[in-house]
Every structure is written in C-alpha cells, then in structure tokens.
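In what follows, chain A forms one complex with chain B and a second complex with chain C.
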Partner chain A sequence: MSDDAAPAATPPGVPAVEMHGISKRFGEVVAVDGIDLHIGDGEFFALLGPSGCGKTTTLRMIAGLDIPSEGRLAIFGEEVASLPPDRRPVNTVFQAYALFPHMTVAQNIAFGLQMRGIRGPDADRQVAEATTLVQLEGMEHRRPSQLSGGQQQRVALARALVNHPKVLLLDEPLGALDLKLRQEMQVELKALQREVGITFVFVTHDQEEALAMSDRVGVMSEGRLLQVGTPTEVYEHPANRFVADFIGRTNLLEGVTEGPSAMRLDAGAVVAAPNELAAGTPAALSVRPEQVRLHRHGEAPEGEPCLDGVITDATYLGHAFVYTIAVGPTAGAGGTNDGDRTATITARSETGSAALAAGESVSVSWTPAATTVVAD
Partner chain B sequence: MSTLGTAGTKRSARHLLKANAWFVFAFLYVPIVVLVVFSFNDSERVNVWQGLSARWYGEALGNTQVIGALRVSLIVAISSTIVSTVLGTAVALALDRYRFKGRRALDGTVYLPIVIPDITMAVMLLVFFAEAFKLIDIIGPRFTLGVTTIALSHIAFNISFVAVVVRARLDQFDRTLEEAARDLYATPWRTFRRVTLPLIAPGIAAGALLALTLSLDDVVISAFTAGPGATTLPVYVFSTIRQGVTPELNAISTLMLAASITLVVASLALQRPRSTTP
Partner chain C sequence: MPSLRRAKPAATQPTPTGPDAPASSTPTGPDAPVPLTPAEVAAQRRRRRTGTLIATPGALYLLIFFVVPLGLITVYSFATRTATGRTSLSGWNLDSYERIADDVIGGIIARSAWLAFLTTVLCLVVAYPFAYYLATRPPRLRARLLVLVMIPFWTNGLVRIFAIRFLLGSNGPASALSEAMGLGTFRILFTPTAVVLGMVYGFLTFMVLPLYVALERMDWRLVEAARDLYASGAKAFWRVTVPLTRSGIVAGCVLVFVPSFGSYVVPEILGGAKTLLIGSYVARQFQAARNWPLGAALSVLIIVAMLVAVAINQRNSANAERTQGVAR
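For the complex of A and B:
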C-alpha cells in the first residue's frame, strides 16, 4: 500500500502539521483560541478533550472543512489555510463515517481515486489493496447499509487510506462502536498506522483511548490547547488542574505552596511537593490512586509525606480494592467531614494484600516524585 | 369503558369501522367506475346502456379539436414541468443551504401558490399578463394569450410544488456526505453531481411528476390564461360539457384519469425511501 505513498520530497524535520496562532470564531463564539501545535511526520497524535472543547473544529480546519479566522496552518511545510478541502493532501474518517449510501463499498473506496483522475486497472488494483488492508475482501459489492458498524468503519478507513494522504484525520473514529469492538479496533488502528506509516491525527473525548493509542496527546479545553506530551508525560505530570483531573483518576489535595519543594495542604499537613510555582500560590497536589500507599494508623514509613484518615468506603473490583479515605485533622474523630479541613482520597491496592474495612483508621503515604502540583 | 359487555362493544365497533371503510371506498370509487363503464357504452345517449363498445374512444381520437387540445396540454405540461423542476429544485437548494438577504421572506412565500385559491391565482395572472402586454406593446412585438401564457402560469404554480417536494428530500440529506466528497478531492460541482444530485434525484423526479400531473389536470388557471386559439384538454372538456355530457367526454375523461393515476403512482413510488436490499 505504501509503495507510492511515501510523501516523497519531505525534508526531514518538517512537521506534518504546523499551526501558529490558529483561532476559529463562529459569530460570537470562540471555538478555537490561538493554538500553536507541531505534529511530527509519522506520529499518531490524539486531540483529547471534553465535547465542545474545539478539538473537532481543529481537525476540520486541518481538513479544510472550516477555515481558520486567524493564524497560519501548514501541512508538510505547505501553507494550506486558504486551500479548499479538495486541494489538501489529507483525508478524513468522519465520526459517523459518511459513506455514500448510493455506492457500493468498492465505489466508495474508488471515489477519491476517480476524483483525481485515476481510473482503469490502476484504480482497481489500488482499491483491491485498500480492501485487503482493512480486511473487507468479499464485501466489495455490498452497500454501506448492508454492513455492520465495524465494517462501515473499515470502509471509511479504506476510502481515506487508498489516497495515500500525507495526514489521516480521524474524528472520534471508534465512538460509534460498542466497547469490545472499540478495544479491538484500538489495537488494529495502531497496527494499521505502523503499517502505512502515515501521520494520524485523531480526535477523541475518551482519555483511555487517547493514552492507549497515541504517541503524543494534546489536551484541549474551551478552545485552548492546555498541554501536549506523551501519554506518560500528561498522565504523570499534568500541566494544570484541568489536565490532572481529566486524564485518568486522581486525588486533588487543595493547599498553598510553600517554596519550591513543599506545600501546605488544607487537610492539615506540610508535605514535600516539588513545584515551580511562586510561594503562596493556591494549588492542588495531584496524587494518582495507584500511588497512594495504605498503612495501619501511625505506621507510615519515615520521611514520606503522609496523612492520617479513616476508610469511608471499600469497593472490591476483583483485581483490586478501591478505598475512599477521609483525611484531615478531624477525620479520625467520628469520621465526620467538616468541609475545608478534610479531604477525600481514593487509593487502590492489589487484591493480594489484606483487605481493610470501612471505619478502620489508616495512614496514607506516597512518594513525592510521583505527584504533581497543579494550579488553575 | 365498563368491563361488562366490553367484548361486544369491541366487536360492534370493529364492524362499524369496517362498514365505514367500505362506504368511504365506495363513495370515492363508484363514480369512477360508472364513468369508466359508460365510456364503453355504445349508445349516443349517456345514460342509456346499449352494449359494450370502444366506439367513443375512436370518435374522441378522431376529433381534431380533441387532438388539438391534447397537443396544447402536452406542450404546456412538458415545458412547464421541465422549467419548474429546474427552478423549483434550485429554489429548494438555495433555501436549504444558503443564508441570504430575503431568505426568510422567500421561505415563507414560496409555498403561497399552493394555498392560494385557483381562481385568485387565475385572475391575478390574467391581470398581470394584461399589464405586461401593455408594456411589451410599447417596445414593439404584439403578444396575446395563448400556449405561452398557459405554460408560464403553470410554471408559476408548479415551482412551489417542486420546491416543497425537493425540500422534504433535502431535509433528510446528510451534509456530511458532501464534506466527505470534498475531502476526497471532489470539486463543489462534482460533489453536487456525484453525491447530492443522485441522492435527491428521487425527490426531484417525484416533484416533476407531480408538476406534470397538476399541469395536465388544471382547468381554472388554464381557462383564464388561454387565448382563443389555444385550449388545453381539460378546458375543452369543461367547455363542451355545457352542451351536455356525451359518451365521448366519458372516454376522454377516462383516458385522462388513466394518465393521472399512472403519474401519481410513479411519483409516490419515487418518494418512497430507498429499500436496503439490492
């Protein structure tokens, strides 16, 4: 498939997609607000964010379906901001696939080739290759309405990939599939991307999907790009409170920074917390549940940040327990929450360890390196 | 409803409804059956049955006035259908997808010819033509009422019907399909031809057939806008009926009925959603 596909004359180091100050306004509404982003050649890049955060609009601007109100947009160094979609070297897999209902699978896949004047045996061969690539042999003469959701998705992929785009855009490509199929397709899409070597930019609101599939993730909220990094970076070192909260589950312990290495928590302790914020900044300490260690009351190891508390809930998940623990100076006394002075922490522990019950007094601790201080 | 005698009430309700359905059916179709049967009557007089014969069909088709009127009807119907289908489709497309000045006003008034009484429309068009001719006369050529004015009048009301039918089809049309085509290197024109047009074609064809039927059936507007030299078939029938119903008119009416039913059935068949099996 990729024999004549390689974006031939691309000098090394030129980003597949390059955005400078890209904004999009619809009347009064600012959908995308000054995005700067480089997506590398061959990258599997996820734009992640809640619905209405501007991620789909960003994707549509790369496709040419929306024209930026401001900013520069280049694909492999070529300025494209003012080019219509039919003159851009990108193709899109639409959210609901947008297959042409009046054409067969083969006709759908051949559409882009036809529009570029590729016909006859050459087109037939490329359609056959694309059909094989997405494992749809034997379905060529069916109509989209006769296919399952998963099969329709494969047609949409083949219809885009047959054109050997320089960048493939995917808008919530797995959103319409059920959970099991979605997980299968995650693996398959990743493998497919490695096989064809094309830059994939995909939009999703599902953080697990983004972390599982992509080389790098861009987290968006309210039209802004908040953080770009590898899944590990955004998960372990979220840039701000939104990212920490949105990516995975986390405990956000409110407090105030006290210099570059400590933080005073509202829950009543001063703990080691490396940060780059000015002293006295209101912030939150993000501690992932799997980083929280549980100890019998008062038995936390020396030198680790720790808090005392009471287990308020224990949930058995089969492979792990999830505990909810009320921590803070008043938590031990009857376990009542008194708002400001108490925080709730969730912790996970493997099922092998001794189970604890609700009502037990415990101490929790963590390694400072596994935490991040985040501000708004 | 009381529990006592519920079954009996239900049964009688069912019988009543069934009887009503048959009554309505008869009400609608008995006159048609009578018309068709008597069109095959051999008698000179309409209401005296004298045996089966196709002689009045022969008479009708041999009548030069009938053939002349039929010719006018077909010219008007076909030309007004073609023009109104193109214009009506264009109006529907414009209203569906563009935001332009006066769009709301046009949206509200494009359907007006459907609800305006025929007689109002007819008078309106007649006055309009009279005034227009006065203006044109100043420039030079003399225009009179005739085939052209009938056709123009039919175009005037048919545009609305075509626009309504096509617009209904456009409402169900998924615009993402056009974006997909654009994304797959199709120019706006090729997107329209390869994706939009094939998908709304059943709506356009249904609108065209409806226009054809309406044009062939129209009496009032045609009667007002027809000149002395040009009469459509329905207007001819209407004018001759004043001298009494003849078996020949039965035959002509039956033929028109057959043509209309064929067109309406075809139009309905086209408006049906596309079946999913090949």
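For the complex of A and C:
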C-alpha cells in the first residue's frame, strides 16, 4: 500500500484539525493506523471509506469520544488528544442523530448552551436563531419522536451549530434519509456550511456524496488514509487500486508496466499508459466507463489504445446504455471463460447513438490521458 | 371462485354450536365494515373457543383463591364485631374504617409508611449504582452477575431473615466486632433500623431488576451526545441517564414500597414491640384480638394503597413509551 497521503494543497494558516501519527487500537484490533492529516480552516472535508475502515473512529477521536492510542491531535493549534469531549471546541452531528427523547426540540437545541452556563434571554435568542437557520420554526415544542427523519436531522444540526463550534463533525448525517431527501440535504448542508463558515468534517461511505459536497476528500481503508485530495484529483488521479475502484465506477485492466509510457495488458495488447512505476510492475489500468468509446469491430481510430471484444450484456438506463464487453484474444471465439486472457469492460453510451445488442463484435478505445495506472 | 368459498365453511364446521351460531356468520349491521366470509367467521370462532379453553384453569384458580377471598374481606370490613369476638354479618357499618383514624392505628400506619419510604430510598441508592455496573458489563459477564443477584431471591426468605437476626443480635458477629473496636455493645436488633435493614435486604432485588432493565435498554450514544455538548460526566448522568431510566426508577420504587408497607415477616422477626407495623397489626386483628372487621378494613386500605401505586406505575410506563418509543 502506498500511504503517500501527501497533505497536498492544504489551505494556508493554522489548520483546524491537525493529526500526526494518530492510531487507535481496540484490544487486538487496529481501527486507525497512523494517520497524518491537516484539515484547513473553513474547509468542507469528507472522510470516505467502506464500513469498518476507521473513519468514524477518526471522527470520534477528534470529538474526544475515543482517545488515541498514539499520535498528536490539535484543533486550531491547541493540543487536545487527552481532553474530554466537553472541553473541546467541537460538536458532533451523530449518526441516527442521538437526540434526547425526553426533551423538546427547543430543549435539545438549548442543551449545549445550558451546559456552558448560558441561560435566560441570551440563550432563548440563540436557540431561536439556530431554529431559524435550520428552518424549524414552529416545531420548538415537539418531541423528537414527533418529527420526520429530515426534521430530526435538522434538530441535530441546530443543536450542534448553536454552540458555534470551531469544527463541526458529522457522522453519516444523511445515511438515515431516503434518496430524494438526501440529495436535497446535500445541497442544503453545503449552503449552510458556506453561510456559517465553520470547518465541517464529514464521514460517509457514499462516494458520490463525498465528491458532491466536499472541498477535499480523504479516502480511508483498513485504518489507513490512502489519498487526500480534491474530488477531481481523487476521481481522475486515484493514488492506488483501492481508490480507483472505490471512487466511482471504473474498469481495471490488469497488466504489467513496460516503461513510463506503456503497459502490457493481460487481455493481450500493449497500450499507451503514462505511469511513474518501475518497468515490470504488476498494475492495473483504470479506464472510467464514460471514457470508453465503442466502435464496430475493427473500426477503432488509429493511434488510440484499443481492444476487440464481444458485448455480453446491454442494459438500458433511459438516459444511457451500459454495455458489458468481454475483451481479449479469445473473446471473439466465444471463450469468455478464459479468465487469464479476458477482461470485462463496462462502457456507457448516450441513448442517441445506435443501440448495440449482446453478441455483437465491437472494438473499444480510449484516450490515454483519461486513464490512470494504479498499483496495489 | 365463489363456489369454492361457499364449499369451505361446510367442510370446516363439523360442530355447529347452538342455534345462534349461523346468525353470527353474516354480520350485516351498519358498522360491520366488510362482511366476513363464512370461512373467516368459522376460523374466528375456533380461535375464540381455543382462547377461552386455555384460559379457563387459570381464571378459575384466581376466582376461587383470589377474587372470592378478597370479596369476603371487603364484606367483613363493613361487618360488626360482637362482644364475644365473633363477627356478626349484619348491621353493616363504617365503624372499622373510622377506627383507622385513631391515634394508635394512625400512628402504626404512619410508621409503616415512613419505614417503607426509608426502605425504598435506601434500596434506590444502593441498587442504582449496582444496576448501572451490571448493565455496563460485557453481555456474558452480565448474565453471570444477574444469576448472583437472583440467588438470594431464590433462597428461603425466612432463613435469610433469621440469618440477619443472628448477625445483628447482641451475641452476633456485628456486636462482637463493635466491642472489639471499643465501640461498646451493639444494640440494633428489635429497632426500626433493624427492620429497615432487613427490608432493604429482602426487597433489593425488586429494585435492582427494573433498574437493570431500564439501564440495559439505555441508548448510551445519548450520553456521548451530552458529553459532546459540554456536559461533564456528572451532568450527563443527571440530565440524560436518570430521566431516561425514570420508568425503571418508578417501577422499582413501587415494587419495593408496596411489600415494605404491608411487610409482616421482617418486622415480626427483626422488629421489637416498639416497631409494630401495619402487617403485624392486621395479623393480630385476625388472630389474638379477634377483630376481623378491623383487620379486614386495614387490609382493604393496604390493597387500595397498592392499587394507587400500580396505577402510578402504569401511567409511568405509558409515558415512557410515548416520549421514548419512536426516538429509540
């Protein structure tokens, strides 16, 4: 694993969150394994990874709900690794919200203020402001159980934001909402972050959500931070095979590098593939489905990397077709079971172009610049 | 299909029951929303019949050994005690109830309530931390500790109370220890203190279990949320953990207060002449004093107090369901 989590393009100034060699072990299990990360002031930062990758533990360590086994953790320059959660300038929007069921909406929102000794008209005014900010006017006296999922989510946001934390931590805050509401809340949350100007650290397993909302993304797997970058960087230039596969859909064509500009694919061809790996390194060529162009058999344009194959499946999605194509020297002869010499490519094409059917022989091609060579 | 539907009830109705059976098979009233098919009605009737059948033994038992005696007690409480100590089932009156307000009896009731209250508070104070400890252990350890909690509960109560009597007695270990430490003799047996100690011991399980259930169901993420919102550990406990386990607290208090109030065995064995409680006093009315109407009236009073406590508990658990049900 190349854990060159280079904190590239960290915004200048004192970082909102600064982690050096942060690890967390639960008994024998290493949940987080040596994370170095800077999150800039005012950034919308997403920690992205599959479940169990350590992203929630990382968030909990920033919140103070878990204490790191190793490493240094600072919030706006102040060392906090051993401080309890109530003495850190951060607040959390919990997964499933964790609203207090025995309190009304207003009491939930006022809780943090009360705990800091803010009461009376001053507290009332701040609660009212937060309620307005998340558009919950008129709901103040309801109980959480009387609210919809989306409304509960807003209460959780208001309950955290009313305290004007220096960093707001969000643990899969949209996970419990249905798709349509989730998409609306993505836009709203992003707008809210711009409005309040607070650093957001957002944990999600949904890569689309991470790409759509954040300024920068940190991709995690098995406790390690694999790549940190803008959504464009991690999508177009994944640092390794895991990131390429996890972020969006991609075709990974296995092979071996042959110098800095070419790669020999297991599927049979030597194709142009700019890379920085040593010659002879086993690697995969990542080609996004939308970058794959389909042609009638043998009609691929000269000079582009291309492979011949057979369509094994065509799926109509309304706005596009998705084709699955078996490529490789034996694919045309119906030898799609020849695992060593055959690869499967997924391609998308707009519905306007002529539809192709399963069984047709085709050629696929792509622009080398649109691909990335990734190693393990 | 209609022909098939008609065929079924005939096949599944081997035992038509009485002349009114066919009539009920076609509900046609204005508030019968959808008329049931004969097959559905037959199935419904079968289910009802089975239900009645399996409930009958229990219902009979409760009727004979609970409802009837209770009714008799209530009737006796309005009866008259004759000069010879017999109960005359005529000349119904409220004399026995009026006597409850007597200084002597009122004092006994007040003392019983006070000791029951002390017992309840002590049980709560002892049981809450213990239940908290239990509920926060890993599940396997939890199960083992729960068995340990239950063992005294399964042991003969009389044996346990006599063991306490030995422990607290003037020749017992507690006294020996006190003398060895130069604190003089230990006079606690046959005092209200001994009664409360015995009742706390006897009824502690009734407090631990509901508290344990409430704490075990507790969503600890809410405590984390409170900590995240600047609550110290203690504040999170008082503002979140205690209110959310309120149903367990109320249930435990009711379960301890009710038997403590009417307790008979513990005060008989550990209490002295000065700690006459209502349970013993009632027993005396039925035995030595031969004043059944008064004993019956006091029994009714205890039962009413119990019913009030149960009603409080019911409302409490309904409340807990309403405020916490969905958010959980």
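Following the convention adopted for this analysis, the second predicted complex is superposed on the first by the 363 of 376 C-alpha atoms of A that agree within 3 Å, B and C clash if a C-alpha of one lies under 4 Å from a C-alpha of the other, contacts with A are read in each partner's own complex, and residues count from 1 in each chain.
Keep in mind that, in the parts below, a contact is a pair of C-beta atoms (placed from the backbone, for glycine too) under 8 Å apart; a residue touches a chain by one contact, two chains touch by 3 or more.
Worth saying up front: this structure is predicted, and the values here are computed from it rather than measured.
Student: Should A:T230 be classified as contacting the first partner (chain B), the second (chain C), both, or neither?
Tutor: In the superposed model, A:T230 contacts neither chain B nor chain C.
Student: Examine A:R116 and indicate which partner it touches, taking first as chain B and second as chain C; both and neither are also allowed.
Tutor: both
Student: Considering only touches as defined above, state whether A:D86 meets chain B (first), chain C (second), both or neither.
Tutor: Touch partners of A:D86: chain B and chain C.
Student: Once the two structures are fitted together, what part of chain A is touched by chain B and by chain C alike?
Tutor: Overlap of chain B and chain C footprints on chain A: residues 63-65, 84-86, 90-92, 94, 96, 98-102, 111-112, 115-116, 143, 145-146, 159-160, 163.
Student: Touching residues of chain A toward chain B in the complex: what are they?
Tutor: 63-65, 84-87, 90-92, 94, 96, 98-102, 111-112, 115-116, 143, 145-146, 159-160, 163
Student: Which residues of chain B touch chain A in their complex?
Tutor: 174, 176-177, 179-187, 190, 194-195, 198-199, 274, 276-278
Student: In the complex, go through chain C and note every residue touching chain A.
Tutor: 219, 221-222, 224-233, 235, 239-240, 243-244, 246, 322-328
Student: Could you pull out which chain A residues touch chain C in their complex?
Tutor: The touching residues are 63-65, 84-86, 90-92, 94, 96, 98-102, 111-112, 115-116, 143-146, 152, 159-160, 163.
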